[in-house]
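I'd like to ask some things about the structure below.
To keep things simple, chains are lettered A, B, C, D, E and F as they appear, and every chain counts its residues starting from 1.
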Amino acid sequence: MPTLFVLSHAPGADPGEAHKLTFARDGDAVILTEDAVFGAGAAETSLTGALAAADDRGIDVFALAPDLAARGIETSLETVDYAGFVELLTQYDRAVH
Amino acid sequence: MKTVLFMIRTAPHGSAAIPESHRACLGFATMPFEVNYLLTEEAVWALQPGQRAEAIGGHDARALVGELGDLDVSLYAEAEALEARGIDSDAVAPIQPLSADEIADLIAGADAVLTY
Amino acid sequence: MRFLFVVRAGPYAFQHTQTVVELTRAALDAGHEVSLFMAEDAVVVMNAECRTGDNPNFTEALRELSDQGVEIQGCGACCLFRGQSRSDLAEGMKMAGVASLAKMAGDADRVLTFGY
Amino acid sequence: MRFLFVVRAGPYAFQHTQTVVELTRAALDAGHEVSLFMAEDAVVVMNAECRTGDNPNFTEALRELSDQGVEIQGCGACCLFRGQSRSDLAEGMKMAGVASLAKMAGDADRVLTFGY
Amino acid sequence: MPTLFVLSHAPGADPGEAHKLTFARDGDAVILTEDAVFGAGAAETSLTGALAAADDRGIDVFALAPDLAARGIETSLETVDYAGFVELLTQYDRAVH
Amino acid sequence: MKTVLFMIRTAPHGSAAIPESHRACLGFATMPFEVNYLLTEEAVWALQPGQRAEAIGGHDARALVGELGDLDVSLYAEAEALEARGIDSDAVAPIQPLSADEIADLIAGADAVLTY
């Protein structure tokens, strides 16, 4: 019964985004959207550690491509467009934003 | 019967998160849903005793949350957040403190999660 | 599959409404059904008179989605608090209570909230 | 002394409008003058039709402050984005441009912004 | 030319409130209002260190009494009501919220 | 002539902080004000190169900020915030990076501070 965690706040503005990941489990996934994609680039943010730990625990991490493009952020994460985001919503049993 | 989880992480009074989630919760409580209501992070301040919300024309957040319990809504709070704020988890009954792992269970058991 | 997106943040102060419009378009393109519930500051997008000049007009975007079968309801109390009555709403948008929100959530396979 | 309070957050989603109403009352009581400028989601409080039931009605509170000489203006573009035209506004409340905001700030001895 | 810094967000939700105090100087003051008063009580928050440091640097710290009362928070800080808040606004040359 | 300081600490695109502060700034720039515009914390992301804001129907925040420079608005950014995000401060000219101490000076020199 895996869950998709949706993040949308800038990592430096909202420590709750990293905190949310403490509720994620193996097989769950995370998608960075809107200002949360500032945590998808090369810069060290309050999400960096939490995302690395999530990855180690078998939690897939995605980032929303149009939000990355709008902000000029390049990422090594797997990216999806809106259609891919919808697809993720169907693949996971529920979403927590 | 479907299970809905309300997850509130916003502090009471500075925003409408508590009264709005309370109101939405009333809608679910009158329908065939199992309703869980969980306070995390700054939202656990809703359980602080001694709120005199009339000082700002507001509602006692602890009373609003308590009301939900009378409607068969199951009430939970993040134990770590309570402890960090010095809110006595014994004093918040019938609200049940949960570990991060128990919160993960609660999420995994929900058909829908509404966040505030 | 049927999605319900719940929006609480204002359409022109925060990005959430733009994200929801794009997600809804993508979901329809993939053959899914979508319902939208607007609450708190998000309800102003239901106003038929929204004038946004050269900027994206989310009322028009929602009108088009409504024509494509998207059910759009908004919290009636939130509308009244913001001076909007039934006659102010764009075609295809309805005022509803929290019981309708619960019903829409019960009918949906996936629910996603866009708060603040 | 003359104060200018600028509000951007919605009156019923965040506490800022309540704080501004109380600060304005206290400033008048102390013999000061106050101007208010509403922008973004805060402009809905200028709508004459706001209906808040048993809850505080900040439109009425601002109407009373206006009667006591408080100048209340709101960002015209923000009103239009939210479906409000001049005829929707309560007595004593005016739509204005950013040049008016600048003029009000220039005339004020103290400026305090209430954002999100 | 002292400044009054006005805080209103819950300390655990907004690291920017503590960050704002890095711009405060001797003779400036801080007032905790709305959800920022959760940083005025006995609980250790992200504001605790910043407020102690501010105090050490000669920065006065106030808290808004009605916001404390509404939230059930007791404080050892100096409290003011709305009239006192207005008075502080007159005493400092500008306010930064 | 009065000095106004715009202090922006909110990230671009997720909210209207950059376009709204830009618009307000235009109002002040046409009046007899010395106008300073300072980006701090997450707002320095506005200076990130390569923004393709059309992907979300928005505006290039870097271009909006740059426009203000053409109107004799003095542009500043928090050096520490730039560095923490790996934004090259040489590449942001004519925006001037400031230390915390220089920011304290800028605040102390302002008649009014508008925050976003």
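In the analysis below, a residue touches a chain if its C-beta (ideal position, glycine included) is under 8 Å from a C-beta of that chain, and two chains touch if they have at least 3 such contacts.
Remember, it's a predicted structure, so these values are computed and weren't measured experimentally.
Shared contact partners of subunit C and subunit E, listed by label: A, B, D, F. Between the contact lists of subunit B and subunit D, the overlap consists of C, E.
Across the assembly, the mean Cα position most removed from that of subunit F is the one of B.
Summarising the inter-chain layout, the chain whose CA centre lies farthest from the centre of subunit E is C. It takes 180 degrees of rotation, in steps of 5, to superpose the Cα atoms of subunit C onto those of subunit D.
Summed over C-beta pairs in contact, the chain pair with the top total is C-D. Residue numbering shows that subunit A and subunit E use the same positions for more than half of their mutual interface. Note on chain placement: the centre of subunit A and the centre of subunit D lie 38 Å apart, centres being C-alpha means.
Centre to centre, using the average C-alpha position, subunit B and subunit F are separated by 38 Å.
Computed from the mean C-alpha positions, the centre of subunit B lies at a distance of 25 Å from the centre of subunit C. Contacts with at least two other chains are made by residues 8, 12-13, 15, 19, 22, 40, 77, 110-111, 113, 115-116 of subunit C. Of all residues in subunit A, those touching 2 or more other chains are 8, 12-13, 16, 34-35, 66, 94-95, 97, listed in ascending order.
Annotation for subunit F: residues touching 2 or more other chains are 10, 13-16, 41, 56, 58, 111-113, 115. Counting only pairs that meet the touch rule, the chains in contact are A-B, A-C, A-E, A-F, B-C, B-D, B-E, C-D, C-F, D-E, D-F, E-F.
Across the complex, subunit F meets subunit D through its residues 2, 4, 10, 15-17, 20, 23-24, 26-28, 30-33, 111-116. Those residues of subunit B lying in contact with subunit E across their complex are 10-15, 41-42, 45, 48-56, 58, 62, 84-86.
Those residues of subunit F that touch subunit C in the complex are listed here as 13-16, 56-58.
Across the complex, subunit D is touched by residues 8, 10, 12-13, 40-41, 44, 47-53, 55, 59, 77-78, 80-85, 88, 116 of subunit C. Residues of subunit D that touch subunit B in their complex: 12-15, 18-19, 22, 56.
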